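Heads up, there are several structures right after this.
Same chain, two partners: chain A is paired with chain B first, then with chain C.
The block that comes next holds the complex of A and B.
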């Protein structure tokens, strides 16, 4: 159950080398949105676009493949994508909206569909919700501290950031690599992440992340009927290369382990919150 | 006897020639064997009495007034026992009722299959608040107006479930800002959320609550009152957070995001509140909501919609099945 309900799980990467050139891992999100756009399954997608400062994303509604390409790659900081979901159906006039988000953001989307109090004409227009695996997130200032103070790299010099194999890595265009162990980054984790009980975006249509797959590939969970239909069409149209998840190296075992670790740790946090003070506790959002 | 029927009698006096085309109606209608339950509406006689008058255009010259209730019974679809829903209008802008109506054909499906709208000043010809299963109360109570106070008390007496429909009923919303002085009742200046005067069972905040959310709550209320054990369980689980909101209090503000989400270490910066706010009072600053309190109308939508105000996994994990079930109940494709 730590991996949520899913219809199938594969290891995949985008077939388009142009997408892979600047994607975080297998380019799944960009390629799947691009396919859905071309097929008319979505009219546009809320993605993490470029903001004012380096590696500070801001949510944008991408309605072309070029705009999707602009938004490739992971920025390890907060991008409030859900804030644009209603706007996408209003100012942008989209009838079929795609959205990519962390597990908590996908939870927000599902709540907006089941309890749509302030979300008129939004829920039924969400045509594709892609979730990304997420262990924790950092405030922008936290990310700056990690990159500039701990890794000694200017934000504007960084060409890619990555978390994997127990390390936070920053790459520069000139080829330098700085790495720090995740132990050092833990304290910059934003507080809201400490109560999160979802690692692999259990409520998404399709969720994806690098964990479990070899470098340059991504693990993909296809979860809902909408996701299954779309994924089937994309595979048929040759938009993805796939391998069986059983055949690749770290495999589902690692995904399960990390998901279990996260959920166990955060469930413990939740339990501790209940008796945080003296005879007084902190609020539990799940009851 | 509704207002409309009295009017009709004045407009179409009894000596008006009977339209021959309309004549077969009351006579030929057979007692339907298909109607599953004898007492379609066991509640007050006002219900069947008033409904035929609501569509007088069919045969305005019909003399046999007593026969009309029978006709209505035969016209009704042989569906499982409907629930009765009333819309009680306190001090509000009717936007919540418009939102209910904005389900378009979904509203007809709702009224055909699941609920009788047995009280609604705008849409149904009933003057006194009858017994009902679910009262959707829109607007806050003007305590300077004895009628409003009496009406909200009667609503509590007569309704099994009282739903605060929209933020005025739940939290006061814009009526919190009233200072009186409006024509033609300048002395009306004090407005209270209904929860300050009566016990409220379910909150459905937002200004206005979306048509979809009202539809969902109506369907869930039907399942809770008429469903199988399994359906009752689902409906209870679905409605629980909205019942908890009703217990939480009658004050709301964008500040709730600060007090009960950010200050409690729960905000993860998803931006839901920004999209929800009907007056665009919220922006994201440092990855967290920032509330412009000059703009905030105290509707409480941001907090209610926030995934960290409540998130019930038992319901949310079934989002796909529940969504499909509601679509199916509503005849699919009604959006």
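The block that comes next holds the complex of A and C.
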């Protein structure tokens, strides 16, 4: 069960070339939010918008497709989307909010729905939670060090960053590509990521990521009833191109392998923490 | 011969109070005291030394029924002390909040008042929780009005109960154009409901006023007296809707006219209860022989305006600014219902005037030089005055003069001449909210004085 409960899993990409032009992989999140906005399933979505510094995202409430397009692409650093979800229901006046987040952020959203401490009347307004696959995340200073010091690229010149096939790659607008092996990036990971047991956002309505699909495509897990209804409608309306996950390489096997790796590695960390110190141990955040 | 009867605790209002009354042979009150038993919370002391941004947030926590009034009065008192003028759009957002708070509170008070009233044309008390019509639709209407006002409070204030958005210098955030439309739609939706609710409540209160006999819910029917709930005190109000502050060119409240009397100089001394009714709802009145001492038990000071108690609240606002003149407990109840529409129309006006791109924080927020500033907010129950001195961004002195504190001595006078079995109806007409009213006690050496008084 390393992949969580899901109703179906496909390999997909957005049908809109405008979205694909600057998307990370298959443009699933942008396309799905755009569809939900047009259909009135959500009034707006909390997404990682452009911040003041390059590749430093800030959570924004996007209420139009144009605002969603501004936020395309992955920034490999922390974007506190959950901090915006309450404000979306307040001064933005939204009744049906969409949110995208890493597995831990989706866990936080679900927790806020179950135990709405300081989140009064927010839970019922979360209409769509899209999760993204996540092996680990980096602090902004960590990302800066990786890009500027290890890859020798100025943050301002980077046009895209990507993690895949065991490498962290930075592309520049002038066409240069810098790659470093992922093991060099380990020390820049956030400490919290080392005890996380969720790779594929098990609690999201729909979760997606590049792993398991060919370049330019994404793997999509449809997990909940709400997610299934929305996904079905979007497919019917022709918003996505799909392929069966069994037909593509590397396929679900790789997702399972990476999820198992993450959980095994982090479970070991958790077990070590449990016996850390004298007779105490560090608290396991999952129990 | 006069007898002493006590209803303790009183019910269907916020906080803990009791009524201690001397009655004549017919059971008519000759001297009545309505006093607060809610323990002192010490908000005014807690605020000292805190930053001016924090103090209004603390004072908001006095009570969950009109936290908006306390937040706004507190914030504006700070602004008055430091001399900060807020942008127009921030003011409009506060007006919207104010309207939302008043609708919510008035609607809630309808539920508290209805059980004493009768369905017009019948002798049945209204149970607002019954599933039967027509009461069920009234209850649903009340809840819908509350939902609308709480949602508006949530959008503009950030939270439906303790608003986080107001700050010294304006508001933290403006609202989005979409939120503006939403407020407009909600207010439009509420207008016909409020109209119907107002008409219904006024007919119910007029029906009660016209009855020769009446009872509180579950109580014995007694003959009503003429001039039920009348008093001869004056009114105090600063505005029909919002309030006034010492920054105004023409302030409507005057600190020099305010004096305060300690409770032991005002309320009745030691008494022994000599009349009891075990059937009075709920659980009977205080047993005969119980010693009571209102002067020592009261937890509030007695604020006076021009040396005399005054009434504050919906009727005071309408009487001072709109020539309203219906006296008595039902006169006050009817005035309260008449405020519904004004709130909604003012909300719509404010939201129409609001520029969602306008700035909502003042460019310059001075840190204060310790001068006295006050702000009076027309809370649902009356004039809520906060006074403060801010120096270098820190609160040096803070005092809350809240509506029900003003009304305590006035209600005590209004009890006179009414049958004691119906005195709770008079008290409830003032929509008491007592927890904040208790803070009056906290002034410099009050602890010492109370202790000395008790030793004697």
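Everything that follows uses one rule, which is that the second predicted complex is superposed on the first by the 287 of 287 C-alpha atoms of A that agree within 3 Å, B and C clash if a C-alpha of one lies under 4 Å from a C-alpha of the other, contacts with A are read in each partner's own complex, and residues count from 1 in each chain.
Here is the rule we go by: a residue touches a chain if its C-beta (ideal position, glycine included) is under 8 Å from a C-beta of that chain, and two chains touch if they have at least 3 such contacts.
All values reported here derive from a predicted model rather than from experimental measurement.
Visitor: Considering only touches as defined above, state whether A:120 meets chain B (first), chain C (second), both or neither.
Guide: A:120 contacts both chain B and chain C.
Visitor: Taking the superposition on A as described, I'd like to know which of chain B and chain C A:43 touches: first, second, both or neither.
Guide: second
Visitor: After superposing on the shared chain, does chain C or chain B touch more chain A residues?
Guide: Of chain B and chain C, more residues of chain A lie in contact with B.
Visitor: Applying the touch criterion given at the start, work out whether A:191 contacts chain B, chain C, both or neither, answering first, second, both or neither.
Guide: first
Visitor: For A:63, is the partner it touches chain B (first), chain C (second), both, or none of the two (neither)?
Guide: A:63: touches chain C, not chain B.
Visitor: Applying the document's definition of touch, where does A:224 land relative to chain B and chain C: first, second, both, or neither?
Guide: first
Visitor: First (chain B), second (chain C), both or neither: which does A:93 touch?
Guide: In the superposed model, A:93 contacts chain C only, not chain B.
Visitor: Would you please give the residues of chain A that touch chain B in one complex and also touch chain C in the other complex?
Guide: 87, 120-121.
Visitor: Quick one: which bits of chain B touch chain A in the complex? Just the residue numbers, please.
Guide: By the definition above, chain B touches chain A via 99, 204-207, 209-213, 216, 238, 241-242, 260, 264-278, 284, 286-287, 301-302, 304-313, 315-317, 319-320, 322-323, 335.
Visitor: Contact residues on chain A for chain C in the complex?
Guide: Touching chain C: residues 43-44, 63, 87, 89-94, 120-121 of chain A.
Visitor: What part of chain A is in contact with chain B in the complex they form?
Guide: Of all residues in chain A, those touching chain B are 4-5, 59, 77-78, 80-87, 101-102, 104-105, 107-108, 110-124, 137, 139-141, 190-197, 202-203, 224-225, 273, 282-283, 285-286.
Visitor: Under the definition above, what is the set of chain C residues touching chain A in their complex?
Guide: My answer: residues 154-156, 158-161, 165, 173-176, 178-183.
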